[in-house]
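Per-chain numbering from 1; labels A, B, C and D assigned in written order.
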Amino acid sequence: MFSVLQGVCDPALVALVAALVIGCSGIPGLFLRMPGLGQLCATVTTILAALAGLPAALMLLFSSATSTYILSWGLPFGLCELTIDPLSAFFLIPVFLVAAAGSLFALGYWPAAEHPSTERGLTFFYGILASSMAILVTARNGVFFLMVWEIMALSAYFLLATEHEHEDVRRAGIVYLIATHTGSAALYVLFSLLASQSGSYLLPAAGSLSALPPAAMVIATAAFFGFGAKAGIMPFHIWLPSAHANAPSHVSAMMSGVMLKMGLYGIFRTLTFFHDPPLIWGAVLTVAGISSALLGIAFAVAQRDMKRLLACSSIENIGIITTGLGVAMLGISSQNAPLAYLGMAGALLHILNHSFFKPLLFLGSGVIIHATGTRNMNLMGGVAKGMPKVAFLFLIGSIAICGIPPLNGFVSEFLLYFGLFSQLQTSSLVYLVLLAPLLALVGGLAVVAFTKLYSSVFLGTSRSHGAVHPHEAGLTMLLPMALFALLCLLVGVMPQWALRLVAPAIASFMPLVSDIDQTNYVLILNRISMMTLILCAVAIAAALFWRWRLGYARVTKTSTWGCGYQRSSSRMQYGASSFSEMAVSVFNGIIRQKITRPALKGLFPEATTCDDKPSETLLERFVLPLCTVAGVSFTFLRRLQHGQMHVYMIYIFATLFVLMLWAH
Amino acid sequence: MFAALIILPLVGAAVTWLIPFDRLRPKVLSLFALAHLGITIQMLSFTPPESPGGWFHLDALGKIVLLSTSVLFLFCAVYSIGYLYYRRERSNRVMCVGLLVCLAAASMVTITHHLGLMWVALETTTISMTPLIYFNRNARSIEATWKYLLICSVGVALALIGLYFLAYATIVAQVEPSLLLDDLIRDAGKLSSGWVHAAFVFLLVGFGTKMGLAPLHTWKPDAYGESPGLVGAMLAGGLVNLAFLSLLRVYQLCLATKEIAFFQNALVTMGLISMLFAAIFMARQADFKRMLAYSSVEHVGIMAVALGLGGKAVFGALFHVLANGLTKGVLFLSSGNIHRSYNSKNTDHVRGALRRLPWSGGLFLAGFFAITGSPPFAPFISEFTIVSSAFIQGRVVVGALFLISLGIIFIGMALTVLPMVMGEAPTDSETTSYKDTFWTVAPPFCLLLLVFLLGIWIPAPLMTILRDGAALLEVHP
Amino acid sequence: MITLADQLLVLVLLINFVALGTSRLIFSIRAVAIQGVILGILPGLIHPFSWHLVGIISMILVTKGLVIPMLLNRAVRTAEIKREVEPYLGYVPTLLLGAVFTALSFGFAGKLPMLPEHQNYMFVPASMATLMTGFLILTTRRKAISQVLGYLVLENGIFIFGLLLAEAMPIMVEAGALLDLLVGTFVMGIVINHISREFSSLDTSRLTSLKEE
Amino acid sequence: MTNSIIHIFLALVMPPLLLGVIGKTKAAFAGRVGAPFLQPYYDIFRLLHKGTVFSTTTTWIFRAGPLVALATAAVAALLIPFGAHPAPISFQGDMILYAYLFALGRFFTMAAALDTGSSFEGMGSAREATYSCLAEPTLFFALITLSRLSGSYSLSPMLVNISFGVWLDSGAALLMLVGGMFIVLLAENCRIPFDDPNTHLELTMVHEVMVLDHSGPALAIIHYAAALKLFVLGAFFVHLALPYATGNPYLDWVLFIISMLELAVVVGIVESVMARLRLIRIPQLLVAATILAAFSTLLVIR
């Protein structure tokens, strides 16, 4: 395959062309009369382009070559370079993968027949989003980067606002739009200052800048703010939960699985410019990362809206990645190659992993919401009987995202842990190891959150009155999920290969680590894969043993034992909120769950309801009040425009006088 | 050649005046607009030589403004075919004549190098627009007209005395008295700084009033809010640029007199004030046409800041002349359609425009993104150029304030525009006869297309014009 | 000759105070008209004879002395209003302010370098003072007519300055400026008629419906 | 090689004995004769021959629960060294795997419990979830301390390393660690004071209530897996608390068995002298354990 491609032409060109093709995939649909035809051809083109682009990206990654193209454009911002180095190639992988899978999923999930009014726009902007992200990672001209960045943000907005007849969708859209726009204001500053440092709008080469001048600190801050707002690092995450929850599911998969990574890519890329990053940068990243991880997962535990839970867990995963990056930066600043290597490997591998299991989960949630017609987990249950395949794939995703062996989430977290432990014997960064228990806590909470999600959705019986009979999802929806599940499994069982995948990207990032031998780590990962195999073997052996025993004895089927109570109904099950209530009560300081408990009076109280709603602490307690205050103060200033013309005249002459005094 | 540019619209005005049929006039108007654009392009491609005596001379700055005005005028004229059809109830004779006279005066402003003549032409544009603002013939529109007329007249009068000061400065300096730009630039070194400063202040205030810099902008929201969409487009996209051109002439003079620093600082200050004013007034704005007016205040502020910053920002300012003019055209024309359809300018009643008017609503939304500086639209190019040159020059405070007010404005505009276009139309909103037709949708669409194209590709000839213009405004140490 | 011009300028200044002080509109319209006529004569006194001069003078006399007063008188008659009642600022304070501004404008003129032949004449201070008077009328009066008058006085102030540089300003520009003034006032007159029809009064304090609330 | 065989043999055979010893101890405190030491073996054997009842609400998750629990405990048993003998499988970073294996088992146990749709089992798994995620950090603090003391990143060296010498060097740290780990040991294995394995009030149970619906071979597997988990965590704890070692390998095996039995006795004593805590108090106790462990870590890495 590779050699064939090599024979055809330069893989970088293939990747770029694939990106452009994906971008144009939605255009025929805008003009084709027949509904569905446009969607179909968009899907086909997207998948074909991805099939061409993925091997190309992999080739570029493994050959660790860097190839540059010059886009001739008519704008006065210097050359417009498109360059694919291993880092870009690495980030291209999730883009192509998720784009293709999502657009296949859309065939079954958002068929044009059912959504004639919205399907065209959705397909069109989906293509734009995907290709803009693919081109973004290749852009080397600051202004071009900014343009592609904004196109990405806007297309994501239009995708998110697909169902804008719903109030909360509109609200989520506005919050998202304002957040992303504020972020890109910071990017204006970033690229301007970079230009003032390097003399041109071309992004500086790796390690070409020094972090000593004060401008460097401003650059780093601007990058952290602008890119962090897109990545959803706390405290810039306010837009994230509602946006991901209200978008169509394959769009959520795209946003969470890939678009957040673009923010991280920006941070990675900005950090490459400097050859002497100070310790404080790594420290800030680490602290921000670990706090996003903890708070994100804590909020996830409290959610009852399925997609909000997934969104909050995205904040957590981004936090873990950022922690890894911060650790790696600390390693670079302190010339500590193993730490830098392990942190970076953990971060990059987790980026890859998260773009496997998070889309899987979002697609699955799409199927379920499609079937049950609600996002509230308290009303779900027993879905697994209706759709066993989805249940199985979703289980893989849930285990993987908890970072439990034998799946891929564990591998990346393992690398990070190992990096932290490896500092125990050194003198300088020994306190770094205190992150390990925090990460462990994050892992434990993740288990709570996803046990809650999985059990309350798939297991037990349906908790809602309306008798829901979910049916198995169609092939177009199952295939993408199966693909992601398979990838999770592969990375989990053969982590050493995954390490090979990220190695070139790391090397391109840090010349420092290029000389350390990875054989030791590969060895360890070999052992881990061995252990996972042993684990599976033991489980299978036990299963066979059990089957053998079952063969001899009588098997009876009856209803669940109600501990003596005969009239147990499905609404007596432990719901999602009740499951997490205890865990949430531990963290109630930050989550601030609003629980309205009914007041039961008398011996035979009449029927009542108990409701719980986790609040978005930062948004609802800080940002919105601030906006209100600003609005009120503005209304005072607006009195200046009072409609009395003789005062307007006074304005004019007052200006005249002031300027006169200033002039003389 | 120069004469053609001015005579043609006047002839057109005479013709339209004589035409008795309301249906026919807009079409004739469009024909003359087309011809005018033809001549314009002709003149841009083959620049005619400076007229004897140097009264008329089409330099790069003039070219930019002339081009944007002529293009915008053409699309407004075509739009008027569809728009005036919906306003059949009243005669459109005055409207068409006024537009053409205004066009003639505007062309005069762009091609003349005689400041006095420029002043006359500018005042003519002011007066010729007055009856157009009063098109709706109701109490609100008469109030708007009165304020527009009086404030602008006073402002331009102040500009006139500024010019007199300049002329007297030449007399005092014992050089051959004249108001020709080139002579003034030539003798600028000799002029006495006292008169020159006074002149600059009066000219800044005068043209600033016409341009709508805060706090001289008070007429703007009323005039834009009460006039029909296409008149608003001409005011915001055309007349503003003419005033800016006059300011550019003054700027050239300042450069020559080496008194530039004060003028630049004054420009930056007033520009920032305008942007902050716009930000404050745009938040929670209930009337979307007034919101557009404040957005226009913001953008003249941007141009002023850019001019004050100098350096590469000047290029941004010149490009912004084009970008802002065309984008304002999109916004005002599409908002005019929305206004027609809902018969209300109040955002409480105007909801779900995308569902009710897919084309106009979509154009309005796209125009909103364009005017707030989102790529791939032209204003992004200019705004980014300005911001980045501010930071590159180390004017961090200016850049920061610039960005902050842009941010507030975006938030305010988003909170007004998005609820308008998104969602479902309220059930109690009255239904009108208006439907999106080719004639009312195509012009804003073409304008948007232009804005988009300029956002991703500046053609080489235009680029050379812009560069020449920037060169005219460069600080020579 | 030029000394005579200076005396006339004093008269112009006095007329300013009349315009500031009177409340009867007809009277102030006449005052402004007379001011215009005086300004029309002035160029003839300070500049040597030329057709250019004749043209300008005749135009000014026609415009400021006849057309504009007729327009305004018509407006006043149609609106049936006699006097400016309760201005935003009383007459006495307005007069005092006028005096202050006149003094200021003398000071301002003193700072600026003048030609020796203009040195000891009061063109610049007079023009400044008249400008300020126009501004005062514009900002203190309620009636639309008075505001137009204010605008005219302001224009007169500018014109006085224009006297200093008749040769710098080619006739075409002068003519254009005058034409603009004429048309502007004409349009204002029309607008005033519409105002009086819409609001059955010329009180601009009623024109405050367009505002931010 | 022989050591590995003995290791696996012990892991397979010995765990239920601990339960027997605990039961016997409690009986002794209660003044009863009590069940024989081998009672747990009998129970498991009998359960294996019984028939099975499946709830109609359950899916395959319900069946997978016990198996995964068993498998994770078994693999963990392969990683943990018994006495002075290194574990059969040992590699750098295996302690992280060791910690996460239990998470996997927990995930499936809780899922299986919730699969039945019974509110009681839901309660049980909710409690399990909260407690275990609070117990997680303690284990990691312990691992950090040990890794720092031994200078290695693998369970076998870092546990075998503990000796009286180490106790003399940093006794305070180890003492706090022992305290914290003992609490975790009890909590993870759902012993008193966290949970009462043989109460009869489902409302108050944690682990036992989660397996209410399991029967027959499944229940046997669960009992065995629970015992194995106790054995594995116990082995970890024994290394800290009772680091005897003689040079002689066979003697070391004997020592190990004895110390495991001692541990069982201690657990039995605690169960007989203490009462179950109120559910509200339990998180506080777990946090206290975390703080102990954290202190010990700070002591060694400062």
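Everything that follows uses one rule, which is that contacts are C-beta pairs under 8 Å (C-beta built on N, C-alpha and C of every residue); 3 or more make two chains touch, one makes a residue touch a chain.
All figures in this text were calculated on a predicted structure; none of them were measured in a lab.
Across the two interfaces under comparison, A-D and A-B, the one joined by more C-beta contacts turns out to be A-D. Greatest Cα centroid separation from chain A: this falls to C.
Between the CA-based centres of chain A and chain D the separation comes to 36 Å, rounded to the whole angstrom. Chain B and chain D have CA centres that are 78 Å apart. For this pair, chain A with chain B, the centres built from the Cα atoms lie 44 Å apart. Rounded to whole angstrom units, the spacing between the C-alpha centres of chain B and chain C is 30.
In chain B, the residues touching two or more other chains are 146-147, 150, 154, 194, 198, 221-222, 281.
Counting partner chains per residue, chain C shows two or more touched chains at residues 111, 138, 147, 204, 207-210, 212. Touching of two or more other chains is recorded for no residue of chain D. Applying the touch definition to all chain combinations yields A-B, A-C, A-D, B-C.
Chain A contributes residues 73-76, 143, 146-147, 150-151, 154, 161, 164-165, 167, 170, 173-174, 177-178, 181-182, 185, 188-189, 191-193, 195-196, 627, 630-631, 634-635, 637-638, 640-641, 643, 645, 648-649, 651-652, 654-656, 659-660, 662-664 to its touches with chain B in the complex.
In the complex of the two chains, the chain D residues touching chain A come out as 48-61, 63, 66-68, 70-72, 74-75, 78-79, 89, 91-94, 96-97, 99-101, 103-104, 106-107, 110-111, 114-123, 125-127, 129-130, 132-141, 143-144, 147-148, 151, 153, 202, 212-213, 216-218, 221, 283, 290, 294, 297, 301. Residues of chain B touching chain A in their complex: 146-147, 150-151, 154-155, 158, 194, 197-198, 200-202, 204-205, 208-209, 215-216, 218-219, 221-222, 262, 266, 280-281, 283-284, 315, 352, 354-355, 369, 372, 374-376, 380-381, 384-385, 387-388, 390-392, 394, 399, 403, 406-408, 410-411, 414-415, 418-419, 422-424, 456-460, 463. Against chain D, in their complex, chain A makes its touches with residues 381-382, 384-385, 388, 391, 395, 399, 402-406, 410, 414, 417-418, 421-422, 424-425, 430-431, 433-434, 436-438, 440-441, 443-445, 447-448, 450-452, 454-456, 458-461, 520, 523-524, 527-528, 530-531, 534-536, 538-539, 542-543, 546, 549-550, 552-563, 568, 570, 572-574, 578-583, 586. Interface residues of chain A facing chain C in the complex, by the touch rule stated above, are 638-647, 649-650, 653, 664.
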